[in-house]
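Shared between the two complexes below is chain A, which has chain B as its partner in the first and chain C in the second.
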Partner chain A sequence: MAILRKLLLRALSLIAVVLIVLVLVVVVLGATGFSDRILSSVISEEMRAVRQQLAETIRDPQELERALREQRRELEAFYGLDKPWYVRLPQDVLRVLTLDLGEARTVATAQGSKRIQDIIAERLPRTALLFTTALVIYFLIGVWLGTLLATRPGSKLDRVLSYFAAVSFALPSWWTGILLILIFYFYLGGLLPAGGMYSTPPPEGGLARFLDLAYHAILPIFTLVLVATGPLMYVARTITLNVAQEDHVTFARAKGIPEGLVRRRHILRVAAPPIVTGLILGLVGSIAGSITTEIVFRWPGMGQLYFQAVSGQPDESLIVALTFVYTMLYALARFILEILYLILDPRVRY
Partner chain B sequence: MESVLKVILSSGVGRAGLALFALLTGISVYVLVSYPLDYGSRVWYNPAVWADNPAVKPPIWAKPGAVPHSVFLQEEPTEVRKASTGERRLYRFEIPHPYEKPPDSLSLTLTEAVYYSRPPLLTVSLTRPDGRSVRLYRYSPPAPRPGEEAPYVRHRDSPHRVDLGADPQVRAQVSAFLRDEYGLRLSANELRGRLMEILFGEPTSPEERGGPAAFRPLPGTYALEVEVTVFDRRDRIGALQAVRGGETFGWMGTDSLGRDLAQGLLFGFPVSLIIGILTSVLATLLGASLGIMSGYLGGRVDLLIQRSADVINNIPGLPLLIFLVFIFGSNLFLVIIPVIVFFSWPGLAIIVRSMVLQLREGQLVEAERSLGATRWRIMFRHILPQVGPYLLAQLIFFAPSAILSEATLSFLGLGDTSLPTWGQILEGAFRTGAVYRGYWWWVVPPGLLIVITAVAFMLIALSLEPIANPRLRRS
Partner chain C sequence: MAILEVRDLYLYYETPRGPVHAVDGVSFELPEGSALGLVGESGSGKTSLGLALLRLLPKNVDTYKGSIRLEGRELMELSDEQFRREIRWRKIAMAFQGAMNVLNPVVKVWLQIAEPLLLEKTPRPQARARVEELLELVGLSKDVADRYPHELSGGMKQRVVLAAALVMNPKVVILDEPTSALDVSIQAQIMNLLKRLKRELGLSYIFITHDIALASDLCDYLGIAYAGQIVELGTSEQVLLEPEHPYTQGLLESIPRLRSTRLPSFIPGAPPDPVDLPEGCRFRERCPKAFERCTEMPPLLQGKGAGHEVRCWLLAGR
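Moving on to the complex of A and B:
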């Protein structure tokens, strides 16, 4: 029961974070007048349809104009544009929460829908695919290498990888991606694709399609793993090293417990929860990395959408939606890691 | 402060980091002294400045045998001769050309000509290493318009530029030169596109020739001479600029707009150091004061600060950063740095609070309190110095992530364009597809500099580990 209470508490605090971000976004939008602009563009969109409809039944132009004005006033009242933004606040929060933000300017789904909800629904799985795969890979590699290094501190491998960890912390993932494109696409004569998710045209058949996807995902995943493994490995190494020097480990060895068992039960088991904490702390960086990596590799997920939304003719509604969805994604990933932490750490279960 | 420096110097990493940092600072000071402060808008983002530069050329050291692109500028004549009416002023451009290849192009630009009676006459000729001289081009600025008063100003805003490798006048002159000097008869039309090859070469001898006229390169020093005949001594010529087009440019090459990347990269040094240092100082100040207040005052203040810290700590940075910078504009000092600071302080505030909680119960604070010191005095005169060394270490931890955050924003096209940064150079490279065309000199150096700067701070931070990690210090 205690564990459920803890989880509930964490869930509540993460929901609070999401709500606070939401309110922050809405207040900023309202206070700077962005919200008014989004709403009036939504209304103009609807008015166009209304005009067509009314034009078929009302022939007199003056009559038509009057009817249209009336219609617009009604819509403005419906969306709350006739009230100041702070009165509209709860309504706006609800709209962002359901991603009911109208239509995107230029981006559309494969089916041609410009509704932001549809666009996000199409892109979210692609982002999740890249992000989750990379997360699992660098978690496994980082922990494995880190604990391996902790068994032989000061060795040549240990020193080399420690420097790698320091450099990889300073490595922007987007620049790493650019370098990898330069090497694997330009200098190695197109060994790996420079971007995209499928070849054009995409191959037929389920397996061929999957292999094509995997082929395109190699470089972006490699980029994410490369920049994230170093810091995690370093954290895992330091923590394992600290645990290995504690008295209970010496005692276990003195009891004559085999070395392998000591490592598994007395070192790794104790080191596991703080390593997960390290992973949690690195999560913000991973999210940022996944956004820029998608941009560099033109991976058609939400990160790339961000780039499209801020460049050229900026798309405010998309930016709001993406900011919110990323906050949700972060909260969700964090919650899953918190569960992992609770499972690993027996102390919090009291 | 002194003890911190001692800790840094006691380890190899620390010394390396400090040396790197000193180097970066040195370059930054040089740039701050020698570049104008409005460099971004006046030079870097001003296409007129780069009009004469070639687009996407690699640095000169990348292709040792290739002809480098060079710009020769003269504002004063090399020689002045008096004439019966007015003067003859000679502008001489020495062009060293020790290459086995002709240049890609040769052009001359006249900026501002002011005259009082008749327009001055410009005569351009090229003297070659073999002593032969070719008259290439004659030009006079437009005559006075009816009703216009002296002095007559020409080409002040739109300089007169002539491409000596393609101008029809030059073609006719070169045709005559070949006929007179070598007895070769080539019509002006046959010379199209071959002028550079002819001017910077000599015809192969008749035995070798066999077929149509061929030319071999003639390495040596060339002199481009511009004789300006003025008819009034008060007449002025602003500047003359000769440009030899080549395959390489400068120390770091150029981008697709012909900008000298060496300049942009240099300007990035002070900007990124300022971003790193300013952000970390502000974040440390904020985090430390809130942490101390939270720990010492306790109660509702503590709760408020710690809850806010928790929330901000749980916000995914980049999406919010993009959102806020997008809404409030990308002014570096008013928006980007404050927003990064806003997302940086919580971790520090939480740790400082826990340190203060211990200190608060210590004897020093108890003694202070019994002497009647105010809370603020205790917090900032007695507690602050005790957490000081830790804060200094933390200060350096903040810098690399601030530099990386700004670079990422710039890469997304949200950078402050009044201050060009390495991130902005990379953004331009990525947007124009430099990566796919293999323009490595445009893509690799800026990123490398970002990494080096961040690593410099991190090496110093690593050497401060014993201070930053109190648990390690105790053992």
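Moving on to the complex of A and C:
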């Protein structure tokens, strides 16, 4: 029961995080006048079309101006620009909280649906494909190398990989992506594609399509792995090294336990909770990197959608909806971490 | 008959500054069913000696040589794998300072005790029964078996560590400061438990401590360690009542006494740097009785009769 209460408390605090993020989005979009500017530019654009239409039917210039003013007022009421931001935006947020994500202005799915829910349903699997694959790869490599290095600290391999970890940690994913495109697309004569998800035109047949997808995913996944492996490896190394020097490991060896079991049960098992924490928090922290990676590789996933929402002709409902979805994903990851910790570390139970 | 016989045991650690003389030519005998106390300050090499006996060596070992005979069998000739399989825990067990981090925080107590049994393919229910028996032997209730270390007090953890040491019926148990982190009242309980186990199970102990008073309570023999060497060795009576080495005398004078007006006195200075040991006698810089000869040559351990040995030039003339 105590466990359930604890989990409930954590869930409540994560819900509070989601709400606070949404409040911040409202303030950032509204108080800076960004929201008002977006809407007035949208209205101005529509007014140009209306002016041309009306100019054909109404000849009298004064009459035309009056009709245009009328039209503008209607559009402003339609978009909510007649109300101040602190009235308009909270309405958007409340709507999003009821899971009604609204409609996008320009972005649409392949079928032409403008509902943001449909757009996300189309894009999220593409992003998930990229990131879960990368995650599995860098988790396996990072933990394997990290725990390996912990058995021989100060060795040549340790020193080389520690440098790599520092470099990997410092690499921005967008820069790495551009560099890799330069190498594998330009210098190596198109060995790997520069971006996109499929060739144009995409090949026929399920297997051929899948292989084409995998071919296009190599570079972005490689970028993500390159950037994320180093820090994870170093965290795993340091934590494992600390645990390996604890007294209970000597005690286990004194008991005559074979080295393999000492490593599994008495070192890795104890080091697991903090390593998992590092992994999940790193994953959450890599959201920003995921956006830039998708942009660099023109990968039509969630990150690119976010970029489309904030750049060029910004789309307010898309920004609010995507921020909501990303924050929910973050809260979900944190909650999974809480549950994992309960399973992995008995000291957390009380 | 001596169950454990150590001759000229050396353990040096390699450091960038040079080898650390942690165990520097230590010899002693441990008669079956008796307890030998190894007393010394921090850094005197007493814990290193315990680890050397179990061949639990760190990676930076420089020298590890000598002779360790258990029931007449030379242990230094065994391969690491043989040593692990046949000696560790089965013949020689070690009870570490249990109130600290000796127990794995994420594994249940019973599994930590039963681990060596389970490795020998003992069926789980049988191993479990053995653990419960041991827990009762050390004065804990059976349900401690299903707890995690963080749920236990320091005294309880120390009892668990003792139970773990006894699981394979070892002949010799090395006790490394088993009571240092405990309250005095708990300390007394553990000491009584150790005495009872020694009597009931016929165990032989090597009791490593910095507390000579505590050692005198349990041990039949005492070895005083200083800078990696044993400077005085004998029965407890010999060492406590007729201490010959100035260091032993200093240690005994530093014990506060209840019914005496005399205040405890302290040994000035600090032990020498184990990398850069002084010429001659290692204690001479702190010794009130040092004379010329002490700087010239290191004294050897000399017999004074009846097994009482002292490493001091003061005795050479007699």
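The rule is simple: the second predicted complex is superposed on the first by the 262 of 350 C-alpha atoms of A that agree within 3 Å, B and C clash if a C-alpha of one lies under 4 Å from a C-alpha of the other, contacts with A are read in each partner's own complex, and residues count from 1 in each chain.
FYI, a residue touches a chain if its C-beta (ideal position, glycine included) is under 8 Å from a C-beta of that chain, and two chains touch if they have at least 3 such contacts.
Bear in mind that the values here come from a model prediction, so they are computed numbers and not experimental data.
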{"item": "Chain A as common anchor, with chain B and chain C clashing or fitting", "value": "fit"}
{"item": "Touching partner for A:Ile178 - first (chain B), second (chain C), both, neither", "value": "first"}
{"item": "Comparing the two partners chain B and chain C, which touches a greater set of residues in chain A", "value": "B"}
{"item": "Which of chain B and chain C A:Asp345 touches, first, second, both or neither", "value": "second"}
{"item": "Touching partner for A:Thr250 - first (chain B), second (chain C), both, neither", "value": "second"}
{"item": "Closest Cα approach, chain C to chain B, once both complexes are overlaid on chain A (Å)", "value": "15"}
{"item": "Set intersection of chain A contacts, chain C complex versus chain B complex", "value": "none"}
{"item": "For the chain C and chain A complex, residues of the former touching the latter", "value": "51, 54, 56, 84-85, 87-90, 93-94, 96-97, 100-107, 115-116, 119, 148, 150, 161, 164"}
{"item": "Complex interface listing, chain B residues touching chain A", "value": "310-311, 314-320, 322-324, 326-328, 400, 404, 407-408, 411-414, 426, 429-431, 435-438, 440, 443-444, 447, 450-451, 454-455, 458-459, 462"}
{"item": "Contact set on chain A toward chain C in their complex", "value": "246-248, 250-258, 261, 265-266, 269-270, 344-347"}
{"item": "Chain B-facing residues of chain A, complex", "value": "13-14, 16-17, 20-21, 25, 28-29, 32, 34, 166-167, 169-172, 174-175, 178-179, 181-182, 185-187, 194, 283-284, 287-288, 291-292, 295-296, 306-307, 310-311, 314, 319-320, 322-323, 326-327, 329-331, 334"}
